[in-house]
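Below, subunit A partners subunit B and then partners subunit C, in two separate complexes.
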Partner chain A sequence: MASILKVDAMQGVTSAGDITITGEGGSATMQLQQGLAKAWANYTTNTSTAINGSGSFNVSSLTDNGTGDTVVVFTSAMANDDFSYYGMNNSASAGASGSQKTTSQCRQVTYNSSIALADTNEISTSVDGDLA
Partner chain B sequence: MASELRVNTLKDAAGANSVALSTVANGSAKAWANCSADGTSITDSFNITSLADDGTGLQTLTIASDMANTNYAGLATSINSFCTCIVDSHATGTYRAVTRNQSGTLTDAITQSALMGDLA
Partner chain C sequence: MASELRVNTLKDAAGANSVALSTVSSGSAKAWAQIQQTSTQTVHGSFNVSGIVDTNTSRTEVNYTNAMNDANYSALSSGSKDWDDSPAGNQSLMVGAVYATTGDSYYQSTNDGGAAQDSPRFMVAINGDLA
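For the complex of A and B:
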């Protein structure tokens, strides 16, 4: 029977930050909170540094650090700086990598095929880890 | 007391922002890891049991609860500028992260990786 649960918030019973869900195979389980992306953004650095449309979650602002160098600032901070984040650059023959992070932000650099810092029209960043 | 709730869809109390439980399950990262700059240890992780240092720039990570198949997506980024990191081999219980510098040479660096796909 189909069912719909209408709630504004969910918490674990034993531990507020620990809800278990069953995986697609129907047997393995995982912690819901750990698998959720804690922040993501799709943004441009071409003519200005800005979020593309409504393409972000838990991101309050972007800081332009210069050509191909952007700081993504979180709305709700991470618990520590051990989180993982990933960057993709949609330009051909180009790449993206991180450079530094704190609980409140991560830094993404993008470069061209000559391995020089370069702005681009679409960069995707996603963050996994623990919220504070 | 532990409890189990079986539902197909979640909505907020106003009945908006509907999301299917299948989307929650499919859209969640099934594992992620942040590994040290020397490539020998895990700084923080989820659903990862261990890291094997296979040599400079090569790390095999073992998944705690296996993936259902080898068709999952592996995301990876090095936190060192101009280093690239990819997931180059997929098994249900392990995956390998490969890191290279701007010259294309295998190098050790802080690596961050995540898996999107189906749990077994």
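For the complex of A and C:
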């Protein structure tokens, strides 16, 4: 029988930050919190640096560091700076930089096909790791 | 006391923002890691990663704690060439997934000249079905 759970918040019983879910194959289990993206954004650096429409989660602002160089600032901070983040853009490639990477932000750089820093209108960033 | 809840759908208390548990499960990353290839290859942060193997210059095998259901999953990666420096210069370093099995995936870093080069940090995310 289908069922619906209506809640505003979920916590683990043994540990508030640990809820286990069963994988699609029905055998392996994983921690729900660890698998959830902690932040993501779709943004542009053309003309001005800005989120495209409503395309972000847990991102409070973007800092324009220069051509092809953006700092993504989180609303809720990460627990440490050992988180992973990934980027893609519609120009050529996106890279990560550890400088200015803290629990509150990460730095994304974008390149054109000549491997030069370049602004573009469609950059995607996703963050995995532990929230504080 | 540990407890188990079996439901098909989650909603907020107002009955909005509905999400199926299958979406939560399928939409969650099944593994992620921040990895250093330079010097001794090191995992700096991870989830569902049991360890890495330094297979050669700029090559890393990432092993999972819990295996995937099949090899048809998505592996994303981003890398840096000078992790602690300002990216004003050329920071281009491509990190590609070479192969994937249910138990591991394998990555190769190359610079813009196509030559193998260790990355001071690269990051991977695995999306797909757990076993």
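Some points to look at:
FYI, the second predicted complex is superposed on the first by the 123 of 132 C-alpha atoms of A that agree within 3 Å, B and C clash if a C-alpha of one lies under 4 Å from a C-alpha of the other, contacts with A are read in each partner's own complex, and residues count from 1 in each chain.
The criterion applied here is as follows: a residue touches a chain if its C-beta (ideal position, glycine included) is under 8 Å from a C-beta of that chain, and two chains touch if they have at least 3 such contacts.
Keep in mind that this is a model prediction, so the values were computed, not measured.
In the three-chain model built by superposing on subunit A, subunit B clashes with subunit C. In the superposition on chain A, A:S126 makes contact with both subunit B and subunit C. Using the contact criterion defined above for the overlaid structures, shared-chain residue A:V71 touches neither subunit B nor subunit C, since it reaches no partner.
Once the two complexes are laid over each other on the shared chain, residue contacts for A:I115 go to subunit B and to subunit C alike. Look at A:L62: by the touch rule set out above, it reaches neither subunit B nor subunit C. Once chain A of one complex is fitted onto chain A of the other, the partner contacts of A:S84 extend to both subunit B and subunit C.
Within the superposed three-chain model, A:A41 lies out of touch with both subunit B and subunit C [touch as defined at top]. Residues 2-8, 10, 13-14, 21-25, 27-32, 34-37, 80, 82-87, 95-99, 109, 111, 115, 126, 128-130 of subunit A touch subunit B in one complex and subunit C in the other. Listing the residues of subunit A that touch subunit B in their complex gives 2-8, 10, 13-14, 21-25, 27-32, 34-37, 80, 82-88, 95-101, 109, 111, 115, 126, 128-130.
The touching residues of subunit B, counted against subunit A in their complex, run 1-3, 5-15, 18, 21, 24-26, 28-30, 32-34, 43-44, 46-47, 65-66, 68, 75-85, 102, 110, 112-114, 118-120.
Those residues of subunit A lying in contact with subunit C across their complex are 2-8, 10, 13-14, 21-25, 27-32, 34-37, 66, 69, 80, 82-87, 93-99, 107, 109, 111, 115-117, 126, 128-130. On subunit C, the positions that touch subunit A within their shared complex are 1-3, 5-15, 18, 21-22, 24-26, 28-30, 32-34, 44-45, 47-48, 66-67, 69, 76-88, 90-94, 112, 120-125, 129-131.
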